[in-house]
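Structure below; questions to follow.
A, B, C, D, E and F are the chain letters, set down in written order, and residue numbers restart from 1 in every chain.
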Amino acid sequence: MDNVKFDEATQKELATFLEREQAQARINSTVHNLTSMCWDKCVTGTPGSRFARGEESCLLNCVDRFMDTSLFIIKTIESQRPQQS
Amino acid sequence: MDNVKFDEATQKELATFLEREQAQARINSTVHNLTSMCWDKCVTGTPGSRFARGEESCLLNCVDRFMDTSLFIIKTIESQRPQQS
Amino acid sequence: MDNVKFDEATQKELATFLEREQAQARINSTVHNLTSMCWDKCVTGTPGSRFARGEESCLLNCVDRFMDTSLFIIKTIESQRPQQS
Amino acid sequence: GVRSEIALASAQELINKTNEKCFAKCIAKPGTTLSSSEETCLSRCLERYLETFNIISKTYSARLSREREQRQLNQI
Amino acid sequence: GVRSEIALASAQELINKTNEKCFAKCIAKPGTTLSSSEETCLSRCLERYLETFNIISKTYSARLSREREQRQLNQI
Amino acid sequence: GVRSEIALASAQELINKTNEKCFAKCIAKPGTTLSSSEETCLSRCLERYLETFNIISKTYSARLSREREQRQLNQI
């Protein structure tokens, strides 16, 4: 394998493919972390044969409020940074 | 070091040795994780000069019930997967 | 870049530089972990416009007591090890 | 291939997380066997954890799409 | 350069940790929007977390210095 | 050698974990020094954590052996 040479077009295609796969791996990892965190926050009772109503709405809103929190924090930090001119 | 060449038999022996060491490192890491998890679950009081009776039996059963849980989950998932024919 | 050759003095300087940067990265990572741990231990109420008095003294002492704990554990282990003669 | 390795790693991670979360929730004090009430709890916990994973996947993808559209609108 | 990459990684880590800790503390049950009391909590939490980071940085550096001096004294 | 590096890394990890768990358990609110009751708690906690590590090591090895035997029986 180590001695195979690819032409430039194939190399570019390979690079694009690998980049897309790495992006997918990052998304997967984020989804696992969010699932773990939102489970701990929202699913607090003994598991039943379906979610309690409060649990389901909590889960449905969990990702968006987490990302709103992230945007809020970044915006607050940027607004407090001394402006460069 | 980089220029040393090993004959095939030595290379195979080295590969076996490294594989066994990597397996040992994985086992060590699992034992550390299980110890941390079982400590949090079973040792809930202030540490005394020996374990309370409930703590010790909890620790003795912790690994086996954790691995039973793992087998139970895998078996349940496999039994629900649509059969390939 | 891969074909650039440095003379020995430059190589040594580079190595020192990289070592110092790696040490800095390790210190940063320790500070993030200590911050996370001391926050969980000391800041237990709803965040106010300043720390409660107990929270601030807890934070000020947190790093030193954590490192004292570490030294205490290592000293205890070493004192119990059978002496080599 | 790379793709199926990533999918496999993700499935493995999902099983590990389910295991960790459902052991924490259903096995309060490990005894000498899994009791039948612990097994009932585990199978419901497994269903709910997979359902949670699906909800989070969907809402996260939807959010990423909305943000991508927003950025494209801002560039016009 | 290497130095600015390390500083950037550290700033990124600080933002991620703040996000995680303040979401845990201020958003008890995620609703359909961030409420104004949640936003107040978040901005105070952000200030306090950064203050905590500064306190820990300073006390850790001071401790490292004291230990370094101690070692040098012991070598005399 | 590789072997002693792995053993060293494992010992280091054991000390780090003991430190983390016993600080969490014994130092409720860090004061200006370690009190003598905190030190008593720490030395008992250290003993119990090492004992826990030994119990878990043994039961995990026993389980791995049983599963290996089981697999070999199934192949007959």
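Basically, a contact is a pair of C-beta atoms (placed from the backbone, for glycine too) under 8 Å apart; a residue touches a chain by one contact, two chains touch by 3 or more.
Here the structure is a predicted model, which is why all the values come from computation and not from measurement.
Colleague: So using the touch definition from the top, which pair is joined by more C-beta contacts, B-F or C-F?
Modeller: Between the chain pairs B-F and C-F, B-F carries more contacts.
Colleague: From the mean C-alpha coordinate of chain C to that of chain E, what's the distance rounded to whole Å?
Modeller: 13
Colleague: Once you find the CA centre of chain A and the CA centre of chain E, what distance in Å lies between them?
Modeller: Centre separation, chain A to chain E: 21 Å.
Colleague: Measure off the straight-line distance from the CA centroid of chain B to the CA centroid of chain E, and report it in whole Å.
Modeller: Roughly 33 Å, centre to centre.
Colleague: Which whole number of Å gives the spacing of the CA centres of chain D and chain F?
Modeller: 29
Colleague: Using the touch rule from the top of the page, what residues of chain C touch 2 or more other chains?
Modeller: If we look for residues of chain C contacting two or more partner chains, we find 38, 42, 62, 64.
Colleague: Quick check: what residues of chain E touch more than one other chain, meaning two or more?
Modeller: Touching at least two other chains: 22, 26.
Colleague: For the protein chains shown, what form does their contact graph take: line, ring, star, complete or other?
Modeller: Drawn as a graph, the chains make one closed cycle, so a ring.
Colleague: Take chain A as the starting point, go toward chain E, and spell out the full loop of chains.
Modeller: A, E, C, F, B, D
Colleague: Applying the document's contact rule, which stretches of chain B touch chain F when the two form their complex?
Modeller: Touching chain F from chain B are residues 17-18, 21, 24-25, 27-32, 34-36, 38-39, 42-43, 46-49, 51, 56, 59-60, 62-64, 67.
Colleague: Report the residues of chain F in contact with chain C in the complex, numbered from low to high.
Modeller: The touching residues are 15, 18-20, 22-24, 26-27, 29-34, 39, 42-43, 46.
Colleague: Considering only the defined contacts, which chain C positions touch chain F in the complex?
Modeller: On the chain C side, the touching residues are 37-38, 41-42, 54, 58, 61-62, 64-66, 68-70, 72-74, 76-77.
Colleague: For the complex, give me every residue of chain F touching chain B.
Modeller: Going through chain F, the ones touching chain B are 2-3, 6, 9-10, 13-14, 17, 21-22, 25-26, 41, 44-45, 47-49, 51-53, 55-57, 59-60, 63-64.
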